[in-house]
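Both of the next two complexes hold subunit A, though its partner changes from subunit B to subunit C.
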Partner chain A sequence: MNQFVQVLLFGVTLGGVYALMASGLTLVFGVMRIVNIAHAAFMIIAAYIAFFAFDLYHIDPIISVLITMPVMFFMGMAVYWLFFSRIKGAKRAGELTVLLTFALALIVEGLLGYFFTNVYRSAGPSYATEALYFGRFFLSAGQFYATLLSIALIVLLWAFLKYSRIGYAIRASMQNLSAAQVVGVNVERISMIAFGIGMALAGASGSMMSFLFTFYPAKHWEWIAILLALIVLGGMGSLGGALAGAFILAISSNLIGYYFGPTWSPITFFLALFVVLLVRPQGLFGKKLEA
Partner chain B sequence: MALLEIDNIKVGYGGGPNILNGLSMTIERGKTYCIIGPNGAGKSTLLRAICGLLHPREGSVTFKGEVLNKLRTDEILNRGISFVPQDRSLFPDMTVKENLRMGGYILKNRKQLEDRIKEVLVKFPILNERSSQPAKTLSGGQQQMLAIGRALVLRPEVIMLDEPSLGLAPKIAQSIFDNIAQLKDAGMTVILVEQNARKGLECADWGCVLDLGVNRFEGAADTILHDPRIQELYLGKQYQNRQEKAA
Partner chain C sequence: MGETLASSKIKPASSTDSLKTPSKLQKVFLGILLLSLLLFPLLQFVVGGLNYWLHMLLYTFMYIAMASSWNIIGGYAGYTSLGHNVFFAVGGYFTGVLLVYYDVSPFITAPIAGLVSLALGLIVGLISLRTRGPAFIISTIALLMLVKIAFDNWDYIGGTNGITMPPILSLSLNLVKFPFYYYMLLIAIGAVYTSYRIRHSKFGLGLRAISQDEIKAEVAGIPTNYYKILAFGISGLFVGMVGGIWGYYLTYLRPNIFLIILVAAQLVLMSVLGGKGTVAGPVVGAILFIAIDEFFVANLGYTELNIVATGLLLALVLIFFPQGIVGSLRERGKLPAFLDWD
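Up next is the complex of A and B:
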């Protein structure tokens, strides 16, 4: 029983970080119907920024979100303006965005490999190797702080969407794009901002990743597979769904890893993807999309 | 001077053909216009072109002497033209109040926005009762009221409604037409596109018959209503006659 609770605790804390990673991906899909295959590649860029900020300037990776988030926000807006705004309204724009983000992922991977080589990296702040004890249970201190920060950022994102004027416009665009236009939302501008926010969340995720996991340029393929499984389970474009998917899969992959051995842990995501697509393709909280 | 002058506009979607083919129309202040015509005549396209969702390829839309052609929707809303699109176009997961708040999205002054929302809620007591319910939980008629209320948040001079009675039971549709009559009494200029041509013309001053992207003919609403050509073409007289013969 104690072991079970311990594993559950690992799962919940990991779920918080997964939720942060997935929230940006699902936001971008919700507003623009862009499946951003490059989301995890942008996380890796941010992980490198956080890594070198720590390695060269001794900036704490958690503090580094103050750098990675704004940098990735503006990079996201630039990427949107350079590439996505051009294919808007094109025939088969949906398929084009998949190809485009796939290409972006390859380019990012290639550039990172060229400049930083394919060496495995991980930032090593002191808390990355410390443990925190809660009665009979323990957590890695780094994981604990990362989870707290992730949850704080998600709450901030939620409050921003719920109460700010831009947040209203983003939610309106997610629910009914043409109605948003009718009431005077500049959908193109809101899309650019939403893409920037999605990338800023990828930036924060990268900062967390820099000390929680080892990474190298091609690592993003593994991550995007996991993240897509999370948001498909939750329902693409639904923030609440992304959170639910993140916690469900983080907890179940930990439990499966514990009972069946760590080799079986990654299968959770693909099994879930498989079952969801068969049984409930719109996901737990998603809406059926018109073709 | 006419309030809104549409001069020989040609409008289409994307790279497609012209849907409006040199359409002209004059809208006078304070009157209610009903636009009828068969499917594909360009009725909705006309409304979308006036409110800046589409831009004319040729010709001009002039409001109080200002050409609107190149303006964005928010700029046109700001000048006093609001649009209630066909599918009711609400934000389903937002509450009634949040939907109304979106109606005043272009208002930067929060206090003013909240006052305007209150005004609308007084006008539609049923929306006030349900102000914290998600829009998707409302009935069809209430959703249509919300869509109209949302357009009224900006206190427009011109309100354009695209098939407001679509999909509603006759009794509910009647209450929507009553609401439209009230808009006119409040001094608004109303442009109504209506599939139910008879009902639409009954509450209008002026009727326009669109066909193949041009204004085929127009006249006082009761003249149009009793014009035999219209009765045959668009009001189902032929069908009615056939029914009578069969009986």
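Up next is the complex of A and C:
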């Protein structure tokens, strides 16, 4: 029983970080209907920024969020302007954007590999190797702080969407893009900002990734597959769904890893994805996906 | 239904009612091309040292076969698959396992590997094709990841280390590429011919209707589910066959070679570059892509820049020429006759 609770605890804390990673992805899909295959590749860029900030300038990876988030926000706006503002209204736009972000992911992966080589990296702040004890249970300190920060950022995102003017506009665009346009939302500008926010969240995720996990340029394929599984399970474009999906899958993959061996825990995500597509293609909270 | 198709940019139904008979010019072109490809290896006995060119050609044939197959589901039916190298891997491992454990030549088992891939395509299609658009693409990526994890952890087929196969020892250096060359040529011809026949059949017309508007197609009485699942299966067939031969040619199989997403990306890029949904498009795309790729390898080295080039090319083509070479040329009325097989 103790073991079970311990594994559950690991799952819940991991779920918090997954939720942060998935929130940016689902936000971008919700507003623009862009399945951003390059989301995880941008997380890796941020992870490299955080890694080198720590390695060269001894900036704490958690503090580096203050660097990665704005940098990725502006990079996101630039990427949106360069790639996506051009193909608005194209035939089969959904598919086109998937392929385009796929191409973007390849470009990012190749450039990162060229400049930083394919060495496995991980930033090593002191708390990455410490453990915190809660009665009979323990957590890695890094994981604990990362989860706290993730939850704080998600709350901030929620408050921003709920109470700011731009947040109103973003939520309106998520519900119905053309209706939002009719009532005077500058959809083009909101899309650009939403893409920037999505990338900023990827930036924060990258900062966490830099000390929680090892990373290398091609690692983003594994991450994006996991993140897609999370948001498909929750319902694409639904923020609440992304959170639910993150916790459900983080906990179940940890349990499966514990009972069947760690090599099988990644399988959880893809099996879940297939089952969801088979049984309930719109996910737990999503509207039905249109082609 | 006829109206929807006629009003779209796709060539109207006139060419699809019956098999279009190729013009005399096209027949001559095709005859010369096939004859020269058949006879080319014999030059080896005259000048010698052609193994590099034989290698490049058979490599091109392989990708022509794969891109043309991909085009059946990705181009005609409009269901973009980013997990098509699963068939490639399944074909490769099927013949590889039979060779290593039971000593059966892949030249005999490759067609069976194709059928296994076809069956796999039908089963996966039953699940994945319940979704459309972005969700379908995601499901194919998930399939790829799933198979990669399974193959990485399956000890019988060597896990991450893969399988090493005995090379063909009995052939001299001059002859060693010959069986692979002709086999790949044969599969490529089969794949392109199948793609051509499907393009000019009722089945192909149904697939193109699905890519235009699936609900209308369904209403018009096209058995959309049956059609697209069948198309997915057929598009796995030839990919599995070339996989079976390619593994033997390489003499080793490893999940890291067959099951990386870059291979799937290349198939998509070739079709998009040449022109999705056309017969000649994937062929043109495959030839052009391999030529460019080889240029980059020779000039920049086989490194990360190769990945960047693949991505950049894909992005540029998608933004500026979404119709691809064949499609763009046709739109401008400048498509040469030897590329016009639609």
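Going forward, the second predicted complex is superposed on the first by the 288 of 291 C-alpha atoms of A that agree within 3 Å, B and C clash if a C-alpha of one lies under 4 Å from a C-alpha of the other, contacts with A are read in each partner's own complex, and residues count from 1 in each chain.
In this text, a residue touches a chain if its C-beta (ideal position, glycine included) is under 8 Å from a C-beta of that chain, and two chains touch if they have at least 3 such contacts.
On a predicted model such as this, the values are computed, not experimentally measured, just so you know.
*Asks:* Counting only touches as set out at the top, which of subunit B and subunit C does A:F52 meet: first, second, both, neither?
*Replies:* So A:F52 meets neither subunit B nor subunit C here.
*Asks:* Once the structures are superposed on A, label A:W81 by its partner contacts, choosing first (subunit B), second (subunit C), both or neither.
*Replies:* neither
*Asks:* Quick check for you: in the superposed arrangement, does A:W158 touch first (subunit B), second (subunit C), both or neither?
*Replies:* A:W158: touches no partner chain.
*Asks:* State whether subunit B or subunit C is in contact with more residues of subunit A in the superposed arrangement.
*Replies:* Between subunit B and subunit C, C touches the greater number of residues in subunit A.
*Asks:* Where does A:Y168 make contact in the superposed view: on subunit B (first), on subunit C (second), on both, or on neither?
*Replies:* first
*Asks:* Which partner does A:V185 contact after superposing on A: first (subunit B), second (subunit C), both, neither?
*Replies:* first
*Asks:* Which of the two partners, first being subunit B and second being subunit C, lies in contact with A:N176: first, second, both, or neither?
*Replies:* In the superposed model, A:N176 contacts subunit B only, not subunit C.
*Asks:* Please work out whether A:F138 is in contact with subunit B alone, subunit C alone, both, or neither, and reply first, second, both or neither.
*Replies:* In the superposition, A:F138 touches no partner, neither subunit B nor subunit C.
*Asks:* With both complexes overlaid on chain A, does A:I267 touch subunit B (first), subunit C (second), both or neither?
*Replies:* second
*Asks:* Over in the complex, which subunit B residues touch subunit A? Could you list them?
*Replies:* That would be residues 14, 51, 53, 72-74, 77-78, 83, 85, 89-94, 98, 101-103, 105-106, 150 of subunit B.
*Asks:* Which residues of subunit A touch subunit C once you look at their complex with the stated criterion?
*Replies:* Residues in contact with subunit C: 33, 35, 37, 83, 86-87, 90-92, 94-100, 102-114, 217, 221-222, 224-225, 228-229, 232, 236, 263-264, 266-267, 269-271, 273-274, 277-278, 281, 289-291.
*Asks:* What residues on subunit C touch subunit A, complex-wise?
*Replies:* Touch list, subunit C to subunit A: 78, 80, 82, 127-128, 130-135, 137-139, 141-143, 145-146, 149-150, 152-153, 214, 261-262, 265, 268, 272, 303-312, 314-315, 318-319, 322.
*Asks:* Would you mind writing out the residues of subunit A in touch with subunit B in their complex?
*Replies:* Residues 89, 165, 168-169, 171-172, 175-176, 178-186 of subunit A touch subunit B in their complex.
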